[in-house]
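Have a look at these structures, which come just after this line.
In what comes next, chain A is part of two complexes: it sits with chain B in the first one and with chain C in the second one.
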Partner chain A sequence: MIELRNVSFIYSDDGPFETKALNDISLKIEDNGFYGLIGHTGSGKTTLVQLIAGLVKPSSGEILIDGVNIAEKKFKMRDMPQRIGLVFQYPEYQLFEETVFDDVAFGPRNMGCDEAEVRRRVTEALQTVGIKEKYYKASPFELSGGQKRRVAIAGTISMEPPVLILDEPAAGLDPHGRESILQKITKLQKDRKITVILVSHSMEDIARTAEKVIVLNKGKLEMLGTTREVFAKGERLSEMGLSIPEISRVVLGLRERGINIREDVLTVDEAAEEILKLAAEKGLIK
Partner chain B sequence: MIRDITLGQYFPGNSVIHRLDPRIKIIWTFFYIVLLFFVNNFWGFLVYVVFTAIIIRLTKIKPKLIFRGLRPVLFLLLFTVIVNVFMTGGGDVLFKFGFLTVTTEGLKFAGLMAMRLILLVTGTSILTFTTSPIMLTDGIERLLSPLAKIGVPAHAIAMMMTIAIRFIPTILDETDKIMKAQKARGADFESGNIIKRAKAMTPILIPLFISAFRRADELATAMECRCYHGGEGRTRFKQLKIRKLDIISLLFAPLLLAAVVATKYIF
Partner chain C sequence: MIKAENVTFSYSDDLSVPVLDNVSITVADGSFVAVLGHNGSGKSTLAKHFNAILLPSGGKVYVFGQDTAKKNALLDVRKKVGMVFQNPDNQIVATVVEEDVAFGLENLGVPSDEMHERVGKALDAVQMSEFAKSAPHNLSGGQKQRVAIAGIIAMRPRCIVLDEPTAMLDPSGRREIMKTIKTLNKDMGITVVLITHYMDEAAQADRVIVMDSGKVCMDDCPKNIFTRREELLALGLDVPQVTELMHRLREKGLRVREDIIYTDECIEELVSLLEEKYD
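== the complex of A and B ==
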């Protein structure tokens, strides 16, 4: 479990540019959960995930990972109780090895796995993201954009972290690539029973995948609840400059017009069902 | 580590120094540097320190920020002082330590060298701190323009400098991001000997080079799309004009020169 206690982070350029990226955040992230992290640009999402991954230390507060405080000055990344995998935005810009295989093997090799174990992990990770074996010996720079992205994500999956954080993994991909990456992440989360934190601007993606949603606003924790609870507060989200899933907007519009539809509808299928049910109740259809 | 680099940093402001024409500031900086190498006694340096202090005061930038620019050259500074302390002969011997001898001359010379370096860095950083990169390169282009007649590509040089300076923060940001990303994949940059550490830089340098080339390519295309075709016939939005303030500032140059020369003969 990951627990944040009163975490603040200040970018101190000790000049005129001091800004508070995070302000007194306390939250708990349970094991095996699928979390969505949303917030406007500059709300502190990226800082938050970097803190959890132990890449930066907070200005104040505690970050407990399975009870160990990684925010302490003395704490070294190497002593992390369990690895936290972080996939950055546009991860394909971090590819550097000569072959796809070697690039994905970078993490496991750094962890000190023997070659047999490295081979198993790399093969599994590449299979998970759907990269065919014929590409293993190819240069990562010869691949298409979507393939590069998937190889880069495999580079983190191969470390088999119990917690996987992905910062906008689908950004800049075509709808098909988007769909396929999200599906693979969802499947991975279910199969391996890991914790996933998905940072995204797309409310549709979050609504479809996440079980719980964390909302950040101007460096503060605004909401943390189940996906239904959070998206039911459409008005509050709009005030923060966040959109809600399109279908939630339709439902909200219907309610405004006096149609008593359930407000925590998340997907188009669900909405269709609800609308049909209402219509049947009113005798509009049989 | 990366945050220490203040090269090309500009602190926006509206002080007298900020408002000076960039050409005047560049000429002043050259004059300042050249004259600095003629200073060789305590009183001369005193004149320089007072002069520099007044300029810093006029920029209205916190002195702390200006001195932070010294951090990257700290090693060079220490090295210079140590070499000079031990290698300069003459004067009274203060003490001997094996083959190392410290003399009064050595100490004096080391002190002067250190002073000179500090003033050099501080003085030149005032130029970049108070002049926006665009103004700076505009100024350089205009100063080089007489040389264009003999085939010096003044505009191209200025444009390259503008672009290079413009992308320093971008590349630094990117380096930071790539370092973090590779760290998240278990890369270790801090332990091991020099060779191991140099090798550990590969996962940073390769992505960095690739993105630098990609960016350069995209920038070139974007510039061509907006009909950029070099400096010929290009007009500017902001014209540089020499004003009263600039002329007045130049009047102080002979004054500084006189003060420095005077210290040479009087003391």
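== the complex of A and C ==
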């Protein structure tokens, strides 16, 4: 489990440009959960995931990973109780090896895995993201944008972290690429029973993947609840520069017009199901 | 008017794998055109031909009558067609908003009085006047992107090409940019070419062009485009969520219109469907 206790992070501490990127955050992230992390630009999302991954230390507060406080000054990264995989935005810019295989093998090799284990991990990671074997010997730079993105994500998956954090993994991809990456992450989370934290500006993507949603606003924790609980607060989200999924707006519109439809609908599938129920009640269909 | 005539383009000398393959289209003055296509379909490459960042390997591009391949046309073409890219941080050069907006004008040697007037009007147009003296790094993503757009507007272009301008923005940033784009098009008469992966953004244009393998494969009004759901899915694209909802309902035997692409009309359609039986 990951637990933050009163965590604050201040840029240019004490200087004239002091800014509180995170302000007194306390939250718990349970094992095997699929969390969405949303917030306006500059709300502190990236700082939060960097803190959890141990890349930066907070100005104050505790960050407990399985009970070990990684925020302590004397804490060393090699003592990290759980590996935390962080996939940055546009991770394809970090591809560097000569072949797809070697790029994905970089992590496991660094961890000291023998070549048989490296091969197993790389093969599994590339299968997970849907990269076919014929590309293993190709240069990562010859691939399409969507393929590069998937190889870069495989480079983190191959280290088999029990916690995987992805910062806008679908940004800039076409609808098919977006759908495909999200499906693969969802499947990985279920199959391997890992914890996933997905940072996204797409409310539609969060609605169909996350079980729980963390909402940051101006460096503070605004909400942490189930996806339905969070998206039920449309007005508050809108004030914070966020929104609810397009389909939820349709359902709210119907309710305003006196149609008695369940209010916490988040996806097209759910909306279709609810409308069909109403239509059946009215005898419009069998 | 922007006119592409049989444009072929390849990034290497090998024309057997062209990125653009014999593309001919015309963008009418004052129109709002969205360009869709999967990653690698050639849409950004086409857009870069509209202000001579790229020149065709074969065929011609005419921007308001001028052949973009003619060396002496370059400055004029760039003045008439401005481009806005995905990442606002890569497009901001100055430390104060108004200086950033003035950057292009300084390069053109516009006199100081006129420069002030143009910068003021450009910031007005994107509703960023109150931030004229602010530092760009303190702005939100949507605000920065509007500053980038103001920098283009100040040059008084006749056309703006935006290449996924909302890809990195939060929901309110996306709303701000779409509102700004519509103001420029409807109130100022600027031609808009919007490249996007968001179907709901394309639905707001007057015309949608769909690209695949370097060719234009669909070219129609948004309603007609988004009723071709199967073809779009096969091209790696999608339809707006409300269009998808209507499709699912029709599949189950409900008689709803299939050409629904906006939230409002979706609500109307469903209200009239579900209220019917009360009479």
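Throughout what follows, the second predicted complex is superposed on the first by the 274 of 286 C-alpha atoms of A that agree within 3 Å, B and C clash if a C-alpha of one lies under 4 Å from a C-alpha of the other, contacts with A are read in each partner's own complex, and residues count from 1 in each chain.
Everything that follows uses one rule, which is that a contact is a pair of C-beta atoms (placed from the backbone, for glycine too) under 8 Å apart; a residue touches a chain by one contact, two chains touch by 3 or more.
Note that the coordinates shown come from a computational prediction; the quantities given were computed from them, not determined experimentally.
Legend: residue contacts after superposition of the two complexes on their common chain; A:175 is shown touching chain C, with no touch to chain B.
Once the two complexes are laid over each other on the shared chain, residue contacts for A:132 go to neither chain B nor chain C. In the superposition on chain A, A:74 makes contact with neither chain B nor chain C. Residue contacts after overlaying the shared chain place A:93 against chain B, while chain C stays out of touching range. When both complexes are overlaid on chain A, the residue A:110 reaches chain B alone and has no touch with chain C.
Once the two complexes are overlaid on the shared chain, A:141 sits against chain B while remaining clear of chain C. A simple residue count on chain A separates chain B from chain C, and the partner touching more is C.
Annotation: chain A has no residue touching chain B in one complex and chain C in the other.
By the touch criterion stated above, chain A contacts chain B in their complex at residues 13-16, 50, 53, 55-56, 77, 83-86, 88, 91, 93-96, 106-107, 110-111, 141, 155-156, 159. Within the complex formed with chain A, the chain C residues making contact are 37-40, 86, 140-142, 164, 167-175, 197, 199-200, 233, 236-238, 240-242, 244-245, 248-249, 252-254, 263-264, 266-267, 270-271, 273-277.
Those residues of chain B that touch chain A in the complex are listed here as 3, 11, 62, 64-65, 174, 177-178, 180-188, 202-203, 206-207, 210-211. Interface residues of chain A, counted against chain C in their complex, comprise 39-42, 144-146, 168, 171-179, 201, 203-204, 238, 241-243, 245-247, 249-250, 253-254, 257, 259, 268-269, 271-272, 275-276, 278-279, 282-286.
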